[in-house]
Amino acid sequence: MTELTFIAQLGIYAMMFVVLAAAVAAVTLRNLFHCALALAGVLIGVAGMYLAMHAEFLAMVQILIYVGAVMTLIIFAIMLTQRLGAGDVAQNNKQSLFGAVAAAGFVVTLGGILWKTPWPVKEEAVTSSFSASDLGESLMTTYVLPFEIIAIVLFAVLIGAIVVARKDAPKGAEQ
Amino acid sequence: MDQLFVGIKTALLSMLGTFMPDWLVTVHSVLISATGIAIFGPLTMMYLTLIERKVVARMQNRLGPNRVGKFGLLQPVADGIKMLTKEDIVPYKADKLLHLLAPITIVVPALMVFAVLPFGRGMIAADLNVGILYFLAVSSTTTISIFIAGWGSHNKFALLGAMRAVAQMVSYEVPMVLSLVPALMIAGSLSTGAIVAAQAERWFAFTPWGFVAFIIFYLCGVAEVNRSPFDLAEAESEIVAGFHTEYSGMKFALFYMAEFMNTFTISALAATIFLGGWHGPFLPSWFWFLLKTYILIFVMIWFRGTLPRLRIDQLMGLAWKFLLPMALVNVVVAGFWYMSSGVIRTFGSIACLVVAFMVLTALNRPYVPEKREYTFAEN
Amino acid sequence: MIIPLEHILMFSTLLFAIGVYGTLVRRNLIGILISIELILNAVNVNLVAFSRTTALSPDTGQIFTFFVIALAAAAAAVGLAIVLALYRTSRTIFTD
Amino acid sequence: MFYGSGVLRGMLVTLKNMIQSYFCKPEDGGLFTSQYPEKRLPEKERFRNFPFLIYDKEPENLRCVACDICAKECPPKCIYIIRDFDTDGKPLKKPKIFDIDLTVCMNCGICEEACPFDAIYMDHEFEISGRERQGSLLYHKDDLLKSNEHFHKIRPTDAAAIDTRRQEDEAKKQAVKKEPPKPPSTAS
């Protein structure tokens, strides 16, 4: 079965490369809609990475929430704030050179540290199977408090977003 | 007969196995089921177009296509050739890349969803243990391709249609997911195979909560696919053809194919989860699955033959003010049903659901504008 | 886990760096929001990788990623609401 | 009744329609579409399409005397007649050229009413097509000529009435020819 794993490794490296390329595109493309689609590519690629790490449930949730909902949100925002087919205006400001240098420096230092540290890889962690039911069970037992808090947070965000983005602000608010 | 296709596949694999290393055989087994789906998908799509035209015609007292082929059976082939040979116009200022990307990104999820459908006993292409979630995730990505279609074709109507379609799909996805929760709760697993197994002796549609969940899921499915009473996105009378206005030729055929394949997959999933998938007395299992799916597709076409189109506010009102609360109540009732037993189990849940139905219909009085009296000018 | 941990960590640092570069450099507010999504995804990949290979127990890593995804969606929602409000008042969403 | 009853009633109607279309006969709700090229519906007698010229027995003695009334009466002016002259230039009671442009004719039937000599009537033949616009759809005299039997075949009652009227006129003319007309009576 080594050929299969070799092909799988090849596939994962290819996916990584595609995700990085899409990420660069998402950051540097001039037309905002194209870079939103590149972000969608990145999100699907990251979901593929989760699949490679046997976290199927997480991959599906990622696609459902990110690609299904957040991308729709971003595209709605783009549509509302940009004239249809507006000219592609320069997207990055003056300090693009410094930004690049900062990011590159960050990568070099952190990468070096990561590469040298001997990570305590435990064999049985790699092989342990972790299905959606264990996830659900732990969500309901050990992490039930954050689960409830996140519900309240999302509820607050729901109302907050609507109030902020309302077109006809109520009488009192418009000074 | 029941294990016909499984038998064919195993025979093929064993035949391949003789002269191939075993890892290549596993690759081939995936390939065989993939080609099976790749053939079955477009085939059902082609003949669904014909069935739809024939059934809607018969409902309107006319014959429907019967010129091409024996009973019009070659009509889909004729349509396909017509679509292929039609000129493919790309609007002048449109975004070439997006214009091409939209049909691709709408067909791919439509085909990917086939992987999780249990066609028969042991005939699931990929029995993921996150089957239903896979289905929901993949079918939610089509909202982006509708956006790309609307934005890419640089046309007001297309953009309007895309906005409407996405608003509708997002607001119908919530009740759809919630209507699936009771079935998953009772079946205890997300994988479609396990759900079908859980319905061995009693189909979910026959339980009180299952029936309500089935109706809600089916209505939301019809809305997700932008069909019949909910086809506001491509309403010919209002906005030309909605998000696929600027498409012609092969690209339009892809949109058409995606719509019909989604129709098939939504009905197939409704049949799998609520009508007991491939369970059935003595006919082969895959026959039962296809029979139930095509009955549900017939109901969708029946909707198209009868019901007028919903206004945008009725559409949204139905999703948020009626289906969503009903689905929530249904989850609670399913919990109660699961916990209790005996007489109070059925009657209690039915009573709950009927009360909820009455309350919600009372709350949702449709907005009837008050009668206006017209005073004519006295001369 | 077929590929060694270091490779995934390098991948996520690169993704993180691209996200940082995006936030620093983009003029368009929505562009910045997109880069923030990139950063959050890089973090998620790291979390899942650790929960898969090292001492971090599998469910904590994935649950943590769950909450990060949920909060990222919430942040995107509020952020875009603010962007819309901003656009309505000042007619442009360019930061400079 | 309850919330969804209107929808259900509507759906039952279409379902009944669909089932009837398979099992009932055309008159009580079944399908009545006839497959046109193979099976044709019988034409009603008063159906009228492009005009045609009638001749008795041989195409030569056609009834039209080139009096040009129908050309004047025709609203879209699509009839074109030139009188025939014999060798020494005396006008004859026959048209040399009689053209009708079918692309212009709106088959209103005014020429049929205007013609005093029962020469032009509306035909039942409607499958007319031409490859190019001017050429093949401009019908000349010999295309328009059709026998009286054809007229009887397509419009039996009208043809019979017209023939009886013509025989009476014929008989009256013979009678007048046999005994000369009485001189107008001097007394009255």
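When the chains are written out, they are named A, B, C and D in that same order, and each has its own residue count from 1.
Assume contacts are C-beta pairs under 8 Å (C-beta built on N, C-alpha and C of every residue); 3 or more make two chains touch, one makes a residue touch a chain.
The structure presented is a predicted model; accordingly, all values stated were derived computationally and were not measured.
Novice: Tally the contacting C-beta pairs at the B-D interface and at the A-B interface, and name the larger one.
Specialist: A-B
Novice: State, to the nearest whole Å, the distance from the C-alpha centre of chain B to the C-alpha centre of chain D.
Specialist: Each chain's C-alpha centroid was found; their separation is 57 Å.
Novice: Taking the mean of the CA coordinates per chain, how far is chain A from chain B in Å?
Specialist: 28
Novice: Averaging only over C-alpha atoms, locate the centres of chain A and chain C and give their separation in whole Å.
Specialist: Computed value for the inter-centroid distance: 5 Å.
Novice: So what's the Cα centroid distance for chain C and chain D, whole Å?
Specialist: 82
Novice: Which parts of chain C, given as residue numbers and ranges, touch two or more other chains?
Specialist: none
Novice: If you look at chain A, which of its residues touch at least two other chains?
Specialist: 57, 61, 69, 76
Novice: Quick check of your reading of the touch definition: is the inter-chain graph here a line, ring, star, complete or other?
Specialist: Drawn as a graph, the chains make an open path, so a line.
Novice: Please give all chain pairs that are in touch with each other.
Specialist: All chain pairs meeting the touch criterion are A-B, A-C, B-D.
Novice: Within their complex, state which residues of chain B touch chain D.
Specialist: That would be residues 55, 58-63, 302-303, 305-307, 357, 361 of chain B.
Novice: For chain B, which residues are in contact with chain A within the complex?
Specialist: So the residues of chain B touching chain A come out as 21, 23, 26-27, 93, 95, 97-98, 101, 128-130, 133-134, 136-138, 140-141, 143-144, 147-148, 151, 154, 156, 159, 163, 166, 170, 173, 189-190.
Novice: If you look only at chain D, which of its residues touch chain B in the complex?
Specialist: That would be residues 2-3, 7, 10-11, 13-15, 17-18, 21-22, 31-33 of chain D.
Novice: Within their complex, state which residues of chain A touch chain B.
Specialist: 1, 3-4, 31, 33-34, 37, 40, 44, 56-57, 60-61, 63-64, 67-69, 71-72, 75-76, 79, 84-85, 131-133
Novice: Can you name the residues of chain C that touch chain A in the complex?
Specialist: Going by the criterion above, the answer is residues 1-3, 5-11, 13-22, 24-28, 30-31, 33-35, 37-38, 41, 44-45, 48-49, 52-55, 58-59, 62-63, 65-67, 69-74, 76-78, 80-85, 87-88, 93, 95-96.
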